[in-house]
Amino acid sequence: MFEPAAPVDLSSGKYLKLWQGPQHPGITGNMSLELTTCGDEVVACKTHVGYLHRGFEKLMERRTFIQNFTIVCRIAVPEPTFNEYLYAAVVEELSGIKAPERAEWIRTFNLELMRLGSYLMWLGGVGAAFGQSTIYQWTVTHRDYILDLFEEMTGARVYHMYIVPGGVRGRLPEGFEDRARKVLDGVERLLMDVEKILFNNVVFKTRTKGLGVITKDMVDPYGITGPNQRAAGFARDVRRDSPYLMYDEVEWDVITGTASDTYERAWVRLQEMHQGIRIMRQVLDRMPTGGPFQTPLPNVLHWEVPKGETYIKAECTRGEYGYYLVTDGSQYVRRVHVRGPSYTHAIALMEKMAVGTNIADIAGLMVSLHTYPPEIER
Amino acid sequence: MKPNQSALGPLMNEGLPPEDRDLFSNARPVLYEPYPVEVVEKFVNWVRANSLWLLAFGTGCGAVEINPLMTARYDAYRMGVQTRPTPRQASVFLIGGYASVKTLKRIIRSYEQMQGPKFVVCLGICPINGGMYWDSYNTVNQFDLYLPVDLYITGCMPRPEVLMAGVLELKKKIMEGRADGANRYVENFDWYKANQKRVIKNWNMPDYNW
Amino acid sequence: MNTVEEILDFAIEREQQAADFYTDLAQKVNKPWLKEMLEGFSREEMRHKGKLKSVKKGEKLLSAEQKIQNLKVSDYLVAVEPTENLDFQDALIVAMQREKAAYRLYTDLANNIDDPEMKELFLGLAQEEAKHKLYFEVQYDDQILKHN
Amino acid sequence: MSLKDLISPFYVWQRAFQKPYTQKRPIEERPGAPRYRGFHINLTEECVGCGSCEAICQNHAIDMVKVEGLEPRNGDSGLRPKFDYGRCCWCALCVDICTARSLRLSNHYAWVTEDPDAFHFIAGTDAMPWNQNSLGYRRDDDYHLLTHDRIEMDALSPEESLKGFDEVMKGYTEEQALLEADRCVECGICVATCPAHMSVPDYIKAVRNKDWEGGLKLLYETNPFSTTCGRICTHRCETDCVLGLQGTPIAIRWLKRAIADRVPAERYAEILNDTFTENGKKVAIVGAGPGGMSAAYYLRKQGYGVTVFEAQAHGGGMLRYGVPSYRLPENQLDKDIDYIRSLGVDVRFNTRVGQDVPFSELMDNHDAIFIATGLSSPMKLRIDGEEHPRVVSGLKILDDVAKGQDPGVGKRVAVIGGGNVAMDAARVSRRVGADVTVLYRRRIEDMPADPEEIHESKAEGCHLVPQAIPVKIKDADDPNQVVIVWGEAEMVSDAKGGRPRPVLQEDRMHEETYDTIVSAIGQGGDYDFMGECLGSIEQKWGKFIPGAYQQTGVSKIFVGGDIANSTADAISAVEDGHHAARGIHRFLSEEGLQ
Amino acid sequence: MATPTALLDELGKRYTLSEIHIQRDDLLFLKVTKPQAVRFLKDLRDDAGYTHLTFMTNIDYIEDGRFTLTYMLHNYDTHHEIGVHVDLDRDNAEMDSIHNLWAQGRTYQCELREMYGIRFPGSPGLDDDFCLEGWDQIPPMRKEFDIVAFSEERFGNRPGRGSTDPREHMGTVMYPEHRDGTEH
């Protein structure tokens, strides 16, 4: 299925090899694209990753189960909680621990809040990539209000380390629910504004409609998941299809598009932010305020998880995020594999979609796929 | 004790294939000499301190807190800080946490391309002593072995407020004329190069990428 | 005993007698460690004697008002005759009872005298003996009554 | 392109009149949240230096270091955590695991410097700007990384246990033992407290791994009375167990028992594999109690010919004649002693040194002598009427019971004393059907008896009367009865800060009539058999004061056990025996001991 | 659509399946022989509806001298997952490529080559650098690769550190003469 575009003869002088990144403002994070251009049209693209490779999967093999809990959140920097939840979930499943219901509600809220924060940052990125820096200023600030909530709830802005196997690390602070509602109201107002200045903006519309189309038949070979897939018309969402946490307790809609181009993908995400706010409001209404939030663990200093293997996935902002854990009954994991959506979106898919686009649109295209390099290379 | 750079001879560019060596400069970096009149130097330092242009190279996870720093809520622009897309225009290199070997090579390249006077600020714990990734096979543990560092900001993540505090501290240091990292790089160029080449195994670039 | 000097001399003489008593006893007993213990008591008495001598030179004696604790440990114990078969429990009882007797003596003397200065001095000496008694009582409480 | 698309973006101009997002002075205006995970604070006074923080830190950011002016003592290693902020990731697992709950985070987060080597500090000890911050991350009360509650052991109910002399504590099941062993944080602070310095964390680990054989080997490295100590040890280690700082200490004693119980006696020889070659030297040991037999074991392992002289018909000393079988069944004691004897240790029972064999013979025929005769003469109350025939010693009662005789205490019994012997005498009297009152001079919490024993004797219906000082014993109307006069005591504080002392209140006296009064206020030793050697051996308060390696002024005589230590318990005796064995070996080998 | 058990019955006729383990209602693991593996995956994709290759990875069982490749497939209709294990010889690890079945298979195989040294003949760009650059050691994810020693040797650590073991420290200070080497 992978075939280079038309044979490229660099010595002909017709083509130019151009590196975009890793030090480049038009790249989402620290990765690079090796573009071959003809005029300002891209005729071939090769992705280079690994600039952020830290070897998490190896590091995790020599840390105990509780120690790993601190490290997983660093795998996807802007969205740590999905890692925390999934790691907790795989360990809980293999060690037969069940988190209390209150913890499950808090986790649901945590994940949705993170999704909103992550989408806000992405929204700023989309704005910036198409010349709308105001949106970047606004959304990152509103994301900061969300980080304030995280700070209050978990004790840290970025790396929360809050969802621990067995539950969560603390109850919600006094008066947290009210402040959370206020932040959500603010974000909702912001989204209305963004809809007016970005999604109804003629420049944005012109540039993004028809850019980087994902057709339905690309979904399976390229393993496309999440909003990128839903924008192509598939109503597939892990939260709906294999419900986890409290997602089958709350009401929300799976947003789908028709033709997955850059505009459509952005639109789907915008609507999902509204759905996220809707979910969070329900969670705040229904979350129990008493009862345990942690199931006691065995002594974590020499915690042995029985032999087994499992795979658990969750719907993160970019699609299917999953942890595959293999244990051998010792204090250490035998193997952990982190399945991140950026892996498939940013490499194989990006290489295909970049072909035929304009150099100026590469940045916007990358942003529209919403990928995180640290999660690709781990 | 400043070694005479010209006495050390031209750079060999041995990492490059022989046919490419001539294509690149073999000159060594040169020391920055302050203005002979002290008042002028002081004034120039004041100017430099108040227009810090950051190189927008998100080298590690610390980059995630630069977004808030540069946007409305914290608004570092008011302190004379702004991000620049290219090393040629930038004067401050923020090392955003851990540096993988692959990125380190690009960091060195970008750093050497920056125009002097230039300053390096390290965010987070990883450049100090390995941090989270102290036992990783792909991240360096002590950043100051590879490039001269002017300031360290500890934290994981350092919050935007600390980054701001760091910027203020850097300003102070520049105004006092103590931010001499670039000169240390020149003076100990061979030592830095040896350290760099010890970890970067495919050195397919010139020895000095100015 | 009409003067402070005389009273002090009397007291010093008593301490010397006590020291001699313990030394003699130490010669008699058949247990070397007990001998050592009694010699220790004797040294203690000599120390008291030294202290009184310095009082004579003008140093202040314990104030009569100061309350010395009475643990009453010895009050109900059967009196012990000092013989060569003493054990350490006996030795302590002997010591406590001697100090108690001394305390009584000075208290009685104080009660039978009108001169406030003298009275004060006798009471001070009584307090001093009470302190010595307390020392032995504490030893008894700690060592002998450990499990009680 | 529609007109709406052109105009719509201008709609947001209305926002131009709203309050700006920008924070004026973010550094000053935004302190960390109340729960913020900022820089470390350690309450040095409360910290015991267990090193759990170091163990859990995945970044190796914590070193345990010596702190100026802080010496190790029981229950505190004297070390304190030093942090490397070139490593720490502020996950706060160290705070969560902190056994003393002394470690916490402040909400301070700013530290900027040009010196990369500056980021090291001892939390709470070094003066840091955030030491006084009152906000910051603490472990939530309902969130635990350690199990703070002990796994209870099954026991006979008081009703059942009163029916006879069956062992009360049933021992851990394998599952219970594993759960209890899992609680250990392996700090090893207990090792210093244990008189025998047993490798507690290691054998607890063996329990976790169900490695009973490996566990037994570890136990025998420092204690050949493991079956016994697993039941009746005074477990001072548990006093200093760091898990006890926030909950109940680990049941170290029961875990030792769990190991010993799971290895049958027949397998000991094969597992312990104590092989040695005879070295031709001979050592005599006086007393076959835990001290003597431990010395015998470790000396025998070095190849010495060991002869133990024991006055009684069986070995074990106070363990056999002073501890009732519901606490320590005889066959369990035999398990330990028989293994030591199986190595070729010659124990001469019914042989009292000084009576059946002269001490001089021991001196002449042996290269070294270890004396551990124990304290066997009951102390006297020294009050009026003590010679009354209905006043008996606690040891006598226990001895009778151990030998299968009826102690004949009658229906109403008063026990005087608060130690283990008093408790045992009380419980034994309960078992032969008496109503028991225990009179103790001080408060319940001052009782030297094990808390378990106090608890169990209460459960079995013994009536404990604290702060009761006996002053007199009188004849009763019935010649088979006796009257005791006792007065209530007030506790007065000790001038030097020691524990409060009881003072008799003469206006609150009581008189009671009993069938028997059991006096159990302690025991003394009897050393007359040693003859003139005695003169060269230092003593105080009736006990020997040995020098290094338990050696005495007579260089070939070593002493240990109750006669030579202040604690007078089995585990100290075991260590004395072991230590004397070390000393004797040095003394008789090239290593030398003067 | 066949239920997992019915599916297994049917596939079991054609393939040698072993170590079947139902982890959850929607997740099962099984092992298939190396020669049959790619055909088996293709059948799962084309006939059984397991169209989504969730991921592909490898487990190192160094003590048994084998690698176990894991292909995780997902069925969007039944929302069921199958983890397919294939054992490889650790010393000479080679496997048929699946880049023709799934486009991103190429990326996974490239990564596995780099991290474990597994060969996938025919997979495009297999030998290109993926995450690493200028790697001169054995593939890092192999269990025998000691990252702590390597990191120490290659990158070093800042001096000024050193820790004392509480138990050891207490022993040295509090009861030195009681330690004759029999204790640990």
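Lettered A, B, C, D and E in written order, each chain numbered from 1.
Assume a contact is a pair of C-beta atoms (placed from the backbone, for glycine too) under 8 Å apart; a residue touches a chain by one contact, two chains touch by 3 or more.
Only a predicted model underlies this, so the values are computations on that prediction, with no experimental measurement involved.
Chemist: Using the contact definition stated above, find the chains touching both chain B and chain D.
Modeler: Touches both chain B and chain D: A, E.
Chemist: So which chains are sitting against chain A and chain C at once?
Modeler: D
Chemist: With centres defined from CA atoms, tell me which chain sits nearest the overall protein centre.
Modeler: When every chain is reduced to its C-alpha mean, the one closest to the whole-protein mean is D.
Chemist: Measuring centre to centre with CA averages, how many angstrom lie between chain D and chain E?
Modeler: That gives a centre separation of 48 Å.
Chemist: Quick one: chain C and chain E, Cα centre-to-centre, how many Å?
Modeler: Centre separation, chain C to chain E: 85 Å.
Chemist: Distance-wise, how many Å sit between the C-alpha centres of chain A and chain D, to the nearest whole number?
Modeler: 54
Chemist: Per the centroid of Cα atoms for each chain, what is the distance between chain B and chain E, given in Å?
Modeler: 38
Chemist: Give the residues of chain C touching no fewer than two other chains, as numbers and ranges.
Modeler: none
Chemist: If I count partner chains per residue in chain D, which residues reach a count of at least 2?
Modeler: 21, 84, 86, 89-90, 116
Chemist: Spell out, as numbers or ranges, the residues of chain E touching 2 or more other chains.
Modeler: Residues 131-133, 140, 145, 147-148, 158.
Chemist: Pairwise, which chains touch?
Modeler: A-B, A-D, A-E, B-D, B-E, C-D, D-E
Chemist: Quick check: in the complex, which residue numbers of chain B touch chain D?
Modeler: Result: residues 72-75, 78, 125, 128-132, 134, 142, 144, 149-156, 158-162, 164-166, 169, 173 of chain B touch chain D.
Chemist: Residues of chain D touching chain E in their complex?
Modeler: Touch residues, chain D against chain E: 49-51, 54, 62-66, 71-73, 77-79, 84, 86, 116-117, 120, 187-189, 191-192, 197, 199, 201-202, 221-222, 548-549, 575, 579, 582.
Chemist: Give every residue of chain A touching chain B within the complex, in rising order.
Modeler: 22-25, 29-30, 50-55, 58-59, 62, 71, 74, 77-78, 121, 124, 136-138, 140-141, 143-144, 147, 156-159, 374
Chemist: Flag every residue of chain D that touches chain B in the complex, lowest number first.
Modeler: Chain D reaches chain B through residues 20-23, 26-27, 30, 59-60, 84-90, 109-116, 119.
Chemist: Would you mind writing out the residues of chain C in touch with chain D in their complex?
Modeler: Those in contact with chain D are residues 31-33, 36-37, 69-72, 75-78, 80, 87-89, 93, 138, 141, 143-148.
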